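Letters A, B, C and D mark the chains in the order given here, with residues in each chain numbered from 1 onward.
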């Protein structure tokens, strides 16, 4: 109800504010008998954590997860998996400047109006720190999904776009560069650009593309819970996301039916894949691919006019260590959310027919 | 679970296949005491129904809704509102050609694979006929929402785009032209283009823009059920939708933070509205606006290669009366889904604080 | 949310007032491929319908169900199964006496206070007529459950109790007598007693016992959704029910652990079954058995003091045709609700482990 | 889905095994702005904790709860409230005897069969230790409920019954005796009896009665989510519970309608309260009262025959420190579950009418 849970069968509920004692969550509905690869989970956490490269926030948060239940002798037991991640980076002194002042394009104002109270330390609940919990649950979901392969990469930073079709990219390049794009030349340009943006005390938006391969046919539930609709919701629930498109997306609106239709091969595969692997809300076995639009981070190192809680005009400037561009660190988050959606539909599909 | 319900408090569950006896639904959770304007509901149904103009499908379906419960002496009683819409246009003879053949870029193949059985008459459950039920529930939700004003219009057909900012458009124009765009010149061009496309036996995609005005502050539930995330899911659940963006959307990814941030006025309103009326997943009182991408209709009046259930290659051609472009009739559906999301969050927000 | 849905995967949502146009519902989540035995559904409806014998209400309602979707060529398709049952017995003239008067121990008063409006014709939504929809969905659930056998019977009418252990009863007797008890001698006594009660213009309570045989091991979800907890909720949601106990029940509270514990046989079965087939909320393969307490019907053919909507004291007397004892007709309802619970957990259990 | 969550709006999800690192939970949907009385929460924990008197288990568990989020400067913020309770009493050496052996009338067997794996230390997830989390959430719910007063007490231990009507009892007596019954004479007898039972190495069942006073009219959602149906489910979800009855309960089945009906006073209150404060599933403002049946604890200090995982017959005897009678410690758990149900319906009722 209150929006802190995701998924029907494979269900994640999270809690925690950025500067409280800890964040964490409960994964309920993970089937029993899954051998848990803790290193793989840790690896995903490393991909998301602050301070990992020169182009992301330089905050130091180890972000190690402690599992409290639901895993016994290395395997899931079918009972809820509780976990916590300590907040080690709280500095309460840092937040006096935002206690009574609303940061532009942040959620300070809306939280205050909705709840009448706000944990003003950092972003509180609205901070992207919460996404660390999604990465934990997503990393486990990936293990559940076995052969289904989820790969996200940065396809645009500002107006620098990697337009190469994903089939022609070398995905092994992604983790070799701090931008997490799939082309080394583009990686250098994007990296330089982000550094330039940071020097200006500014931030820049970007796009992440995600590809899911080896998808079984039949995932997704019509009518309202179409596979791509849940993927869209999952992506739009990530901080800073402004748009989602899959398959031919917005460009596909310019095509004619005769151009857009995916003609079948005899084996049920299709010659093209404008559909993005989904027909009628159900996976058809072709690759699922989609784009996720991220706005520029709202916290900038420049003076901005704003208002106080009491409606007085004031000026403020970002403090501390923030991301000049969120997309490099958002890549594992996009993958995690995709994994949550797919794991859930994979389990749901087990009861579709007798 | 099985995906035929939408909404947490204001909840719609639908049933029905395009060529079964009837479609219908149950609206549960509508508060008691709402005076129901039946004409307003009928009007929305008229906006969606086939045969309403020369550029949509020429099928004749009266699409009148019968309420069976939950309304007494003109008011909602707080009990579930059951309704049915008879299917008067079934022609069972028409469907032999798709009984064993999979139409390209339709859901025939995926339904068959997922369920092992498929009602092959028309699109069955995957037909957009189901959206008539959404329009019923959405029309009622609009009444619940009172002053909140939801307006959708066609902003692109193929590559013909209406680029004028919504603030400068005359919304009263929308219902004056069959395309449902908000500019009469553009309406003529789009209409002519759609007729040309139809002559080719082809179809074309398009974009619908939706604007929500007079939104109270505080709607939307962090973390997973952000207002824009639910709007996104709602739109992506509509047949043929391939993408969703709100506020600055995909274009916003090219901006810097210093350009993108919405600076507050002293009264809490903002000087710009790149945020699209939502901060941290919660409405901030500014207009909500978003774009929805529709692919071209898959059924075309041209010969296409395809396969049979048994994997044999064959040819098929659309029969009957289909939409050359779906967006004119999808305008009320977009509004209906937006109304469902807003009504639900409006009710949910009543328990956000003491 | 608003309480008109039951079940997580196999989900029933119902609508309808006793004297509206129709009642009905949507069964969502029934797996595809189930051959539907329409006669078996009709048979269950016959067991519940008014007028079936001399000891139940003499109202005439044919109660035939029309399926509108989700079944194609005799099989479920995995899409929602919509159905309606027409209300043929409405007599609007009959209800002026309860329009502004609250019947004692009925829901008139609470509905009015909760909703501010009430469909005063018959019981409206609070009428047990709604349970016809449960019987439809339960009859289908029984078919899904295959070998799992659910048998309910009347074990008490007033203080006449059938104390024989269920294992020693001949269940084939149940449908041979109008009381639906499992012993012919007791049936005669109960029948005579109910007739006597009716003559007095009074009503009497009773108890229904239900036994579920051939239950697979593993049904039920700890912690909150224990098998017996859902069964209890299901039964308590039936009109007039005041209590639920399973296995040793209230009598078991008087036993010592050394008397109550069920000792295992080598094959995992148990020598006794005080547990009632459930351990830790999960079925253990032994018979599930439970008792359901029904209060006497509130509508009596005697003058009672009561109050009007405006708080004036008045007198009223039941009119029309009512049940002197509800348990004979409640037997198929108890079975239906048990079937809904079991079908749901049976489906859920398919995702408990890898 | 997997059964570890309770409540629709005021929602609790719990995690944790009895001998894992910690247990805990997330309370989602608690409205913002509630001042949290931490001492009151701690007090409830003290009422439930082991070792509190001579007639309960002598295990020592401090059971102090740590809140990790959702409370800021003493008030709830509307964001999820995460909490943990460390398990300080784990002794891994103690459990070799139950690793491969199924304790009679425990959940070892069913968990193993359902999940294929079981945390055999203590009861694992099936241990009543989990109820500590319910007490935390229930204690907070009580604070939300303000004037609504929930009082539970032991009304039977074995066949020693406190038959005095609750209206004639002095509730202030309850916390003055270790049995938590509401009569000091009976308390002495019950206490002596429990000590005798313990000496025998045996256990005994009992009944808890719960009374809710000052209930607003209108709580509860027809049809399936009737107030008493949710209360019943809530109680039946507590470990060792075998039955639930409210108002006249099972005894009421022996009454005639003319005896059972509650006649209205002019102000809408009733002269009797056989209904137990609920009509048609909705609270009518009268006291809600109900009984909960608890079976004797399954772990006894006597030798019992049982079987191993491999189906071999063996003998076992309870070890360690267990409750000879569960009801004294279950009193705060019953109250907590009642509070969860009432808080949830109280919030839900805010959207029942315009």
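The working rule: a residue touches a chain if its C-beta (ideal position, glycine included) is under 8 Å from a C-beta of that chain, and two chains touch if they have at least 3 such contacts.
Values in this document were obtained by computation on a predicted structure and should not be read as measured data.
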Homomeric contact subunit B-subunit C: same or different residue positions, threshold half: same
Remotest chain, subunit A as reference, centres from CA atoms: C
Whole-Å separation of chain centres (CA-atom averages), subunit B against subunit D: 46
Distance from the mean Cα position of subunit C to that of subunit B, given in whole angstrom: 39
Computed distance of Cα centres, subunit B from subunit A, in Å: 26
Residue numbers of subunit A (touch at least two other chains): 1-2, 4-5, 8-9, 14, 29, 32-33, 78-79, 114-117, 125, 222, 348, 352-353
Interface residues, subunit D side, partner subunit A - complex: 1-2, 4-5, 8-9, 11, 13-17, 20-26, 28-29, 32-33, 66, 68-70, 72-73, 75-82, 84, 114-119, 124-125
Subunit C partner contacts - residues on subunit D that touch it in the complex: 1-6, 8, 14, 102, 104-107, 109-111, 113-117, 125-126, 130, 156, 158-159, 197, 200, 202-207, 217-218, 220-226, 228-230, 232-234, 236-237, 242-250, 252-268, 270, 274-276, 279-284, 291, 293-300, 302, 304-307, 311-313, 348-349, 352-353
Contact footprint of subunit C on subunit A as seen in their complex: 9, 29, 31-34, 78-79, 222, 347-348, 350-354
